[in-house]
Every structure is written in structure tokens, then in C-alpha cells.
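Which chain is which? They are A, B, C and D, in the order written, and residues in each are numbered from 1.
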Amino acid sequence: MERLPVAVLGATGMVGQKFIVLLENHPFFEVKELVASPRSAGQPFGKVCRWKQERPLSSEIGNMIVKSTEEELKSKILFSGLDSSVAGPVEEKFAHAGHLVISNSKNHRMDEDVPLIIPEINPDHLELIKKQPYTGAIITNSNCSTMFLAMTLAPLHRKFGVDAVNVTTMQAVSGAGYPGVASLDILGNIIPYIKDEEEKLETETQKILGTYTEKGVIPADIKISAQCHRVPVYDGHTETLSIKFSNVPSIEDVRNTLAEFRGLPQELKLPSAPDNPIVVLDEEDRPQPLRDVWTNRGMSLCVGRIRECPVFDVKMIILGHNTVRGAAGASILNAETLVKTGYYSTDFHNWIYSVLYSREDSLKR
Amino acid sequence: MERLPVAVLGATGMVGQKFIVLLENHPFFEVKELVASPRSAGQPFGKVCRWKQERPLSSEIGNMIVKSTEEELKSKILFSGLDSSVAGPVEEKFAHAGHLVISNSKNHRMDEDVPLIIPEINPDHLELIKKQPYTGAIITNSNCSTMFLAMTLAPLHRKFGVDAVNVTTMQAVSGAGYPGVASLDILGNIIPYIKDEEEKLETETQKILGTYTEKGVIPADIKISAQCHRVPVYDGHTETLSIKFSNVPSIEDVRNTLAEFRGLPQELKLPSAPDNPIVVLDEEDRPQPLRDVWTNRGMSLCVGRIRECPVFDVKMIILGHNTVRGAAGASILNAETLVKTGYYSTDFHNWIYSVLYSREDSLKR
Amino acid sequence: MERLPVAVLGATGMVGQKFIVLLENHPFFEVKELVASPRSAGQPFGKVCRWKQERPLSSEIGNMIVKSTEEELKSKILFSGLDSSVAGPVEEKFAHAGHLVISNSKNHRMDEDVPLIIPEINPDHLELIKKQPYTGAIITNSNCSTMFLAMTLAPLHRKFGVDAVNVTTMQAVSGAGYPGVASLDILGNIIPYIKDEEEKLETETQKILGTYTEKGVIPADIKISAQCHRVPVYDGHTETLSIKFSNVPSIEDVRNTLAEFRGLPQELKLPSAPDNPIVVLDEEDRPQPLRDVWTNRGMSLCVGRIRECPVFDVKMIILGHNTVRGAAGASILNAETLVKTGYYSTDFHNWIYSVLYSREDSLKR
Amino acid sequence: MERLPVAVLGATGMVGQKFIVLLENHPFFEVKELVASPRSAGQPFGKVCRWKQERPLSSEIGNMIVKSTEEELKSKILFSGLDSSVAGPVEEKFAHAGHLVISNSKNHRMDEDVPLIIPEINPDHLELIKKQPYTGAIITNSNCSTMFLAMTLAPLHRKFGVDAVNVTTMQAVSGAGYPGVASLDILGNIIPYIKDEEEKLETETQKILGTYTEKGVIPADIKISAQCHRVPVYDGHTETLSIKFSNVPSIEDVRNTLAEFRGLPQELKLPSAPDNPIVVLDEEDRPQPLRDVWTNRGMSLCVGRIRECPVFDVKMIILGHNTVRGAAGASILNAETLVKTGYYSTDFHNWIYSVLYSREDSLKR
């Protein structure tokens, strides 16, 4: 299979950098264009980017000349890690110009005609694209902390019905970009506030777990209350959940439902898909960000301490890698899903058809 | 007023050290005896203690010869910061010998005849002492994280009735004693497990908020579900609460009820009592351990982000100083309450009488 | 004594905030004007300042309307914590307008006619003011890490002659202002580079320890080599020194010389002066920033582990509070020195006279 | 090549665990025996070991029954990560019993007949084994911080002659084992003391850089002065060096000499050998532990900021992975050197011969 050329929008930012790292040697995609603000455009990437990744910048990428968001692009697929202050109109412009914008930015997530996708959970929501006014399309993934909550609730909700969940998050500083959180605010401290994060957790989760209909997605009727905190951890968002069910399962049922959960990416054996999207840890003091965040290359979330809740039915703790599965890795998995299910090699409506009405066929390719 | 001689049990431990710091220049008490394990006994305190406090050890205390828990003591009042592995029988022995043991240890907290006291909330529980088989008595304060939860719930429960509360804690390393948490386990990490902590939060809070009767304390009928974590913070336990009420108050009602809360220590103007035991912060990103833990010398807890909860009725975040208000300072406030209400200057039964049946009289002293 | 009205330039910055904290209830000075960039001017201080201090902002200061650096000021004495990007011309402007600018900014420190003062060491350098072209004057204190190095070397240099010193620093994040160091750069990390810091340590120390002459200050002939690092510590700069002497003293000599060191501020009993500017700690594992940085309210530096050096003669470790003694507190001590020695209550030349030629007289006031 | 069975002594400790991690899938060695104190013996490793590594414990290792240090062992090669409180006699016992003890423990490092080896630098010191009274042998690697200092100095010393070096270290907490450093001592703090560390840096470096003679190793005549600190960093020891040379090289000479340095392990293409043992970084703010410690899988050290020193000749900063290249990885590289140079496949004296007198022959194998 020939690798498809792709562009990274917002390439100098933290999500953009993570796209570059995760797409290195990717079997489907090859980074051919790096796009940033007009201020950086025209210069070698290595010169304008404050590289903060754990592996060194390759000279190939470092020497690539940065393009401006105002230029036209050659790549059909664009990965967007644009800052939310500019993502809105820029992503629309490229979608109008026929590009497939795979976005990690928050701007269009809650738009009625934009699919907010976790491929293991709601690939059928991709059909929303038919409602978009673009010749291309915009496809989004959720906020990082939403990702882990929605992924955990999905299999439980389908099987037992989730009525309500109280969630408290302890989020890593890498989720705030760079320079992001000032060291004076977080060394030995907790910041009990992340702008708009609690709202995102509540509304995005309801959309992801919602039901697709001709008229759009009907949000899931799950009450969600979130309390979000920044903590002095580098990578990995931890969340405590207390869940109320319609049909109360046993602890063993919950454990097995989570551990056995698989979705479309596993079925399709997508390159970024972990064998099991949820890993259940049975030790009494796990998961821990420092020790478990890289489980399955950061693409699985870890769940631990599943036990009875004296107030609701079940409580547990979950952990995921916020910049991998919770951001750039999620976008890449979305793109892999689209490519493997056939969109990119046929026309748009055929693709919708192939994914949603005769998946058996598309899976054969 | 002449200062009463007191002893500190478990003086070399972290709670013992904090007793020494907080009792320096105390108007009621003077540390005259330092008690530790037989291993340390007979040696100068400064030699056997690994002093970890922010102010230097005074030479007077440093030169004091440590006594063994097996010796007899002269002080009537004993502050106990004994390790739970030994506190049980040692505290009983001293209570039998006529001492008033003011304990921060967990061993006797849930005993039916032992009062578990927060003086602002349940000083009437002191009457439990009458049931004790000792010539002296044992009086305890709660676990640190319980302290802040119970203090917050108490005024709300009385006014509006609390049915249930989900609580997630982020607890400082100083709560684990010394050497306590290994740096390899907590630098940049979260440990989602503290042995027995969740159970303590649930049962101790119910006892503190319970009702005193002739037959003992009837625990409050509040459902509590706790999830406890150790985080890389030095001092200060943060807790998120989501509360369900019988009679749902407005956010303003909750705010004012907490901010206006006062109790017996404030009435008695006890030396360690803060003017207001609960300080409400209105900034959107407070309280923070690094900035707010020393509010009113660490004796007040801070509450912030009081807002509506989509699942229950009200959510908020609370913060308290775990080794001051949550441990040694709590014991000292208990002792101040006893002294000021008259116990120590009359005989035991007279004291019970004076405290509980004619407090007006005792308050005049 | 009536308190003199003062202004704080750069009041919203970290050094400016520390000026406000340290000047609260100061016996000599009263903050009457807060000055910041035109952007903040005209608004209440509490609204434009991101307050990051450990004690809450008083309502009096919080309600004060911020003035612009472009306005005229009423206060005679100005404390400058201006950012170095603007301090140069602004400080000159105010000095020309007759103000006494007590500056913590680096811009004019190395000017030939500007005294770089540590009052314990080189108050005679104040005479440089006579060379200034201003109707007022500019007086500076050193860079934070320089302060601790120069203070340690001064008494040793006078007594034994210091030929050379190798110094490695481990500097706290609060020294970088706010937002300053990004948490992604420093959590669990060391940054082995602080712009211009090594040069400042080398040149400023030579000037402070230099000799005043009619023609200016002749820098001390001490070879200094510095290696500077940012470490994940909140407050407190630690420095290791390895010193080569002209006349090699015994370890005991070094220890006593440092411990017994006193200067003009001690003689004058200035309000901010510590009893002993250098505190020698004899424990094998001290000083430590977390435990020792507040020694004498952050105005003393601590020295420990004084021992023989196999390469040079003596090695040791020093620690000081970078935002107190190393910045705002240093400026305030400079101002106290000026006031107490008589400048402010007489005319300018009389003051020079009184300080330098008949200090006995001025000390009587 | 068939894998040789090996045992890990002190397998439950931090160094022991790292041996297990690094020996997984090793081309030469296969862990067949895990040895610990009699207390742990007889039980499955997974039950008695508090596993603290970044990758999960394999079930094969986890199920292995731990042997006691008092038992006889089958493996010829023993990797020792024994605690220094027991390593001395235990290692001797096994050496007498014919085992080749490759030790990371400090106990025998400075023994006259024990080689202290960095294979890139002094493989000829292996000949010391001939003086040992054992049927087997003891071979040691240095202390972690010594490793990086000696490796940096070696090529410079050979080429330009090093007279003296001042070194200040900032050492990670993982160097102190588990539980090791208490979090209360290191969160936001620096501990300016590591027991015996400064002495080790000084004496071990002199031995490693020393000259082998018939009568033993003559220590290198380099004056070394070390100041050692523990800092809140997880992995990676940082050291600042200020070096005085006999023949002062240019900065470029120093840079190239370090970057081009290669030794026997590179020549032999040993499995654990990095292509270049020293990686020179040219950015002004590198190396940083968080970003550079895993360079070449933690087997290379990084050097940065090579520049002129106003006091000596050249200063620089170095960084190495303390538990990989500085401990377990160093031992493994020592063992690989022995095996590849022929010891293990011939008799002892033949091996000595083959290594030292006809290396060309041995290299051909």
C-alpha cells in the first residue's frame, strides 16, 4: 500500500508535534506538509518549532519548510492540532477546499453536522458528514479527558444502561500545551480549575454515546457531573468514576465487560489500534500515571479498583495517555478508520454506503 | 493562668513533632515529657529524633531526655501521636492510670465508648467518656481527610439534611508520616490507594455527625463513597464533594451556611480556634494547597467552587492542612475545649456535668 | 517616625508583588503608588495583577488605581521591579525627575556611575551617585544568585584573599518571574542554562567586591567561573563553591569568619536586617531550600558543609531566598540604609558626606 | 550462539530488577536463577518483589522461585546487585565457589586485586583477576556518578592530560534504591549530601583512569573535588565539570575528542554497547535529564555546554542514566566484554592470555 501524503496543521504546537512523532514510519500516512501560522511560514520547521518530544526531531522533518494556514495544500488528508483561537475558520476553509480535516481541536466538535468519533464506539456517527456543506469534511475526536470517560462508559452503557456518573479528574500538565501551565502554579500544587473542561466532559460524552438518526445525533441520556484538576504529573489523565446503572451489574460483570471490550479498530486491525482498548489492572494501587500511561503504546486506557460504591453502584479509577490516545493518537485512529473502511479510495457517498450499509464488503478490501 | 504540664506520646514521629511545634508558647499547655519507644528512651530528644519541621528544634526540647511508653508519666494530659501499631494498648494503659489521653491515633476512634470529636461539631459526644472503664479517659480526633469532610458537611446536614456524598481526595505526602511515601512512587505520579482511608472517611464521618444518646452515638444516616489518592503535594488534602440533600438549598444558601459557621471553640475563643473554621473562597481556581493551606494558621479549611451538580445537587472543592487541623492541631483544640469547659479544674463527673448540662456556667469561667 | 510614601514600579510582576508584601507595615515606608505598564494603568491593582504571593492581597492595595510608567509620581523613593525590557529608560527618566530609584532590575547595575550595593559589604560604593547626571539617583542591588555568592565571599576575601572560585548553582523557579518557567520544562527535570546568569555572577560579584576610588569602582581581582541551572524547587537558590585563597585559612577560620560576619545594616539595626546575615549550619545535610530558605525571614543566607577541597582550598554549599534577600528584600535593605544614614532627610551632598565621612554623626540620628 | 544461564543476586532490589529488565531477550545471557535474602527464598519472585520498573514483570520471571544467597547456584555468571550491607562476604563466597561475579556493589571495588572496569576505558585492568585468591573471580563497575565522570575524563586525560577537576552532581532519586529517598525530603527540595558519594567519585575515578602494572593499578594523578546532591529528578545524574589540563586543548578539540571517542565495546559490537559512548549536544540548554537520559537506550552519556572556564580551562555539563549505564547496564557490558573476548569459552588463564596478549585472536571469534 502506498502511503498517503498528509499535512499537519498547527505543526509547531504540542499536538502538532505529537502528530509528527506518531506518524513517523506510519504504514498509511506520510507527513509531507507542515502548516503553522503565517509568522512561522517560509522557514525550516526545526528553526521555528520548540521541539518538546522525547525523541529527537528527524532532519527530514526539521528541514521541511513550514507552510502558512493561508496557503493552499496538496495533501488530501489534514491532521489538525490548531489552537482553538484559529481552528474554527481555518478548518472550515480547508473542508470547503475539498480536504478531509481530521481535527483534534474543540471548535467544531459539538457542531450538529460534525461527527465526534471514537472508532471503537460510534463509527456510525461518521454519516453526519453527509450533512456537511463542504466538498471535503471535518471529523473530530473528543477532548482528552472525555475520551477516557466515554470509552469506559460505552460498553457498560450498552449492556447495563448508565444513568449517572460523578467524575473527578487529575490531569497532566502536558494537556495544557506549551508553555501551558506555569511551574509556579503547579510545583507541589493542585489547580482545581481547567477552563471549559467540565462542560466538555459532560456534553461531549453525551454526544459520543448518543444515537445517530436521520435528523442528527440524539445525546445519550446520562447525567454527568465533572470536577477537573491539574496536578503535577507530566503525562496521563487520571479520573475517578462513581456510576449509577439502570440494571445493576456485578463487579465481575463490569470487570469482564471492560476487559473484553473490542471495537471496529480491533476488527480492522488498524495500525494504531491496541489489541484491547481497555486494560483492567487488578492490583490494589494501579493504574498510576508514571507506570501505566504507556500501556499499549499509550493507545489503551487502564481501569483499576473496580468496586462497589456505597452511594451509587460501582466506582473505579481510569487512566489514559492524554496526548496519545487522548489527542493526536485519537485523530490518527480516526483517519486509519476512514482509510481502511474505504472512504479515501472511492467517492464520498460510496464510502458512506460502504461503511454503514455493507461493512462486510468494505472490510474485505 | 498557669500552664498545664503535658506529655507527647510518639514524640519522634511526624505527628509528635507537630505537637511540639504547635505547643511551643501555648497559653494553656507546656510540654514537659517526651515519650517514645523504649528504643529511644533515655536519650536526648535531639539525638533520636529526625526533626522534619519548618522551624528549628529548640535546645530546650532537644535536650529533653526521652521517656519510654513503659514508664509512668507525671503529666495529667497526654497528647498521643503514637503509631497505630502500638497506640491501642499504650493509650489504654495510660487511661487506666488516670491520664487524659488526647489521641490522634486511629485505634480507639470507632470504640463505642470513645468520643470522636470535632469541637465545632459534636462536643456533646464527650459524654461518652462516662461509659469508659478508665480512671482517666481517651478522647480522639478523626483521620485528616475525615476532618475536612465532616466539618463541611456538619452545618449543611443540620440545616438541609445531607443524604449522600461522593468524595474524591488528593492527599499530601505529609499525611503518610516519615519516611512515608517513597519518592520513587510519587514524583510526577499519583497513587490511587491509601490503606483503609476510604473506610475511615465513610465510617468516621457518620460517627462524628451522629446523634448522642444514652446508649451511645447513633451514626448519621448519610451515604458516603470515597476514593482516595496520594499526590505530589507536600501539605494539604484536597477533596471534591458532590452532595445530595433532603431539602435542596440554593448555592447562595450553601455558601452562606459554610461561611457563617461557628462552633464552641469560636464561642470560647480557644487559643487554637480560627475565627471562622470554614473560609469560602470565591475565585474560580481556589483553594490550592500551595497557596491556601495555611489559612488561619492551618486551622481553617477552605471551600471553593460551590456550584450546581448535574448529578446530585451541589458540588464543591475543599482543602485543609492535614497535619495541623487534620491531626496535631485537632488534638490540641480538643484539649483546649476540655480545659476551658472546666474538666481539668474540677473532678471528672463535675466536668461532664458542667460541659453538658450547664454550659452557661462553665463558659463563665 | 513618619512613614515615607513610596512607589513600586512594575508592581504587577513577581518582584513588584514581593515589594508589596515586604513593605506591608514597614516602619519606614508606605506604599502609596503602584506603577505598571500603560496597559494596566487606570485600573484597580487587584483587577490587573495575577497575585501569586503566599498571603492574600489586602483590599487597600487591591483597590489602589495603577499608574502608568509614563505618568509623574509623587513619591520620592521608587522601588523598581520593572522588567528589563523597559527598566532602562524608565528608571533614567524618573532619576532625571528627581526620584531616588532603588532598583532590582539588571539594566543599570554595571553602569560605571551606578552603585551595585549589598549594604553589609560595600555601602561606600554609594558615593558613585555623585557621578550620576540625575537630580535624583539610581541605586541597584545585584542579581539573586550573585547576592549569595558575593555575601559569602566578602568577609573571606577581606580576611584571607580569594583568588578564584568555581560555583555551580541550582536555582528555584520563582527566580524566573511569572509565568516564567513552563512546567513541561521543569517537572522532574533540570534546565542547565539561564540566559546571561553566569556572566552576571562573574561580573557583578567582581564589582560588588571591588574597591571604590575617585575614578570609579575597580573590580576585585577574583576569578569566578559559574555554571547555572534551573531545578524544580519553588524558592531558594543553592550554590556550591570551591574556593582558592591567597592565605589559606583553616576550616574553623572560614566557619567563624562567616558566622561572625556583621555589617552596616546590623550596626544600624535596620528593620529588614537579619541579626546575622550568614547563618552557618553544622548538620551534614544542610542547608536545604525547603527547610532553610526562610531563615531570618528570608534575609539571611545559610552556609553548610564547609570542608577541605582536594582541588582548591575550601568547598561549601550556600543557600539564600532568591525573591527576598536576592531581590525585593535586598532593594528594601538598600533603601533602609539610605534613609537611616541620612540621605533622605538632608540634601544630597550632605547625605554623601554624612554617610561616608562622618558616619558616627549620621548613626546618631 | 547458545545463551548462557546467569543468576541475579539481590534480584528484588532496584538494581536487581533493572538487571532482569535489561537481560530480557539478551543475545548472550538468560536469567535462570533469582537470588535474594533467605527471607524471600522459596517463594515466587512476583510475590516477594515490589516491582518498580516501567515495563510489567513477565510471568516467567514472576513465577520463578527465589533462591537464597546461602544456596549453591548453577549459573556460572552471577550479576550482583546485592545491598552493600551483605555483598562483601556473599560475593566472596560465590567467587570461591568458582563463579564469575559481575558486581555493581561497592564493597570490593577498591580492593587491590579487583578490577573496576569501564570496558571503553580500562579493559586491561581485568588482568587484576590473576591476583585474586578465588577459583572464580569478582569484577566490578563503578558507582553511577563516577561512571559518567570517568568516561568523560578518560579520552581527555589520554590526549591532553587532566590535572584537576571540580565536579558538582545533581543526582536522581532512582540512584538511592527503594524505598530510598523519602518524598518529604525531596519534593521541591535539594539534599546536599549523599553518604560516601563524594569519596567514591574521587577515589574510584582515580583507580579507573589509573595504570595497570604487575604490582597493581597505580591511581591516576588527577585531583578531583566533588560536591554531591540529590534532586527531585527520577532518572539521570547531571554533573558540572570544570577541568584543568596539562596541555590546554581548544574547545573544538575537547568537543571532537569526546564525540569521536570509541572503545573496545564498540570495536567488538557488543549487544549493549552504544555506537558512541559519549554524545555531544550542541544546543545551549542541553542535556536535560527528562529529555536526554534515554540516549542510546540509556547506555550513552550526554555532554553539553562545552565552553571556556574563567578559573580552569574548560567547563561542561554531563548527564547519564544512573540505573542503566551507571549500574545494571554497566555490569552487563562488563559481562559481554568478558564473554566476547573469550574468557567464558576457554579456561581462565587462556582467557587472560587471549584478552590481554593476543586480543587480535580473540576478536576474531
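Everything that follows uses one rule, which is that contacts are C-beta pairs under 8 Å (C-beta built on N, C-alpha and C of every residue); 3 or more make two chains touch, one makes a residue touch a chain.
If you're wondering where the values come from, they're calculated on a predicted model, not measured in any experiment.
S.K.: Which chain pair shares more contacting C-beta pairs: C-D, or A-D?
M.R.: C-D
S.K.: What's the farthest chain from chain C if centres are computed as the mean of the Cα atoms?
M.R.: So the farthest one, by centre of C-alpha atoms, is A.
S.K.: Whole-Å distance, chain A centre to chain C centre, using C-alpha means?
M.R.: So the centre of chain A lies 49 Å away from the centre of chain C.
S.K.: Take the average of all CA coordinates in chain A, do the same for chain D, and state the distance between these two points in whole angstrom.
M.R.: Chain A and chain D have C-alpha centres separated by 42 Å.
S.K.: Give the residues of chain C that touch two or more other chains, as numbers and ranges in rising order.
M.R.: 52, 187-188, 232-234, 290-291
S.K.: Which bits of chain A are touching chain C when the two form their complex?
M.R.: 52, 173-174, 178-188, 232, 234
S.K.: Note which residues of chain D are touching chain A in the complex, please.
M.R.: Chain D reaches chain A through residues 54, 187-188, 234, 290-291, 294.
S.K.: In their complex, what parts of chain D are in touch with chain C?
M.R.: Touching chain C from chain D are residues 164-166, 168, 170, 187-193, 202, 223-225, 227, 229, 231-234, 238, 240, 242, 284-291, 304-305, 309-312, 315, 317.
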